[in-house]
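Residue numbering begins at 1 within each chain, and the chains themselves are lettered A, B, C and D in the order written.
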């Protein structure tokens, strides 16, 4: 092996997945396949593809194109993913883009509720 | 909402998932559930739990304890996960720990093979 | 080169530095040396060293031990770093640990103020 | 505070800084200011700005535009940064872009040398 593969590894991007998401996705009514689908969408958005198609997603998952399309629909209905429109100021064209904001808002909501339940029982810390 | 939840978010760790893993896990014979299981194991190792049990994993996944145990066994047999022994120099006790090295070695191998097939057809770049 | 170096690279941890910190640290009255000092402290905490000494920090920076000690003091006075005490429940011993919480709270505060100034001039988006 | 700031935090990108870089940048003849300059360049590249100007960099650092320009020149001479040309296939235009590849290659080289010196003295591990 030469440095090419190592350099390829070093140059690649990383998706940073918050521990809170990994701890609580099941409480947001998601299963593992849906979690990976959302992580893949995040990866494609990071790479500049703001509206990943079922075909693109299917190529790097075990799901068929139809299953990807169906699961995207389910994620939108579960309010974990939204599809929005944005007007490009220069060209005045409207284009669609995916947003994971609903997922983050649901997760924040969950952590907030869990936190306020926890507040009453908090153990004391000595601060210096 | 107050700053507590925001601070909790800011303080949390992140699992950094390499784009190359997300692009190629299906070529390593993994499905989405196995990918998440390995990411969860990575999260727990990062948190200092070097040998996550099926029970711990089951609590934060859609799988039962038995399914987690079975899948861990499959991952070991597929050479994507290894269970090793290490002797603690201070106590002289031998303890078990999980390692994702086999996964990374298989992924490197895959990228290396893919790279060498690609070499012949590479397009030229003007360097300055 | 063999796979050893590549594996070492793959296995290493990463410090995830938020874009918001990189964009705004100068507004929090920090310079580049202080930023790196805080990132190094974060790295050592992630590795299980909850109270990095000036000596440890000095070994991997261009600063002397005395300069590290002095800068840590400055960061505490600027409320970017705090040194706290915690009682270990098992041993009942009190030990010191470093926390970057004050940094995050100041950054959140800054972003919040900036955000509320921005609210009035926000451009409209078409949502679908 | 409302969810706006939290959502802004959650949505932001992160620069992932390898522990090996933080441990060894001084051995690559870099100081803290140069390290932050390179991290800032990485951040801007991640955001789609492939050739960050001294002015852009200066706005989010303690350095003046002239100092940024000078330091970029030094980093190129130290072989930690390169400025390359690429032809856009669609427009046939040649444009400049920054690359941190030289930094990564130097770091890999350093780790490789350090590793081979270490090989002879490696302690044995019991593998299961």
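In this text, a residue touches a chain if its C-beta (ideal position, glycine included) is under 8 Å from a C-beta of that chain, and two chains touch if they have at least 3 such contacts.
Model, not experiment: these values are computed from the prediction.
A.B. asks: Which chains lie in contact with each of chain A and chain B?
C.D. replies: C, D
A.B. asks: Going by the touch criterion at the top, tell me which pair is linked by more C-beta contacts: C-D or B-C.
C.D. replies: Of C-D and B-C, more C-beta pairs in contact link C-D.
A.B. asks: Roughly how far is chain B from chain C, centre to centre by C-alpha average, rounded to an integer in Å?
C.D. replies: 26
A.B. asks: Nearest whole angstrom, what separates the Cα centre of chain C from the Cα centre of chain D?
C.D. replies: That gives a centre separation of 18 Å.
A.B. asks: Multi-chain contacts in chain C: which residues touch at least two other chains?
C.D. replies: Chain C, residues with two or more chain partners: 1, 3, 5-6, 9-10, 13-14, 16, 18, 108.
A.B. asks: Pick one for the touching-chains graph, please: line, ring, star, complete, other.
C.D. replies: It is complete, because no pair of chains fails to touch.
A.B. asks: Tell me, which parts of chain A touch chain D in their complex?
C.D. replies: Within the complex, chain A touches chain D at residues 3, 6-7, 10-11, 13-14, 16, 18, 46, 48, 101, 104-105, 108.
A.B. asks: Which positions of chain C touch chain A when the two form their complex?
C.D. replies: Its residues touching chain A are 1-3, 5-6, 9-10, 14, 16, 83-87, 94, 96, 125-128.
A.B. asks: For the complex, which residues does chain D have touching chain C?
C.D. replies: So the residues of chain D in touch with chain C come to 1, 4-5, 8-9, 12-20, 22-24, 26, 31-33, 35-37, 39-40, 43, 47, 60-62, 108, 111-112, 115.
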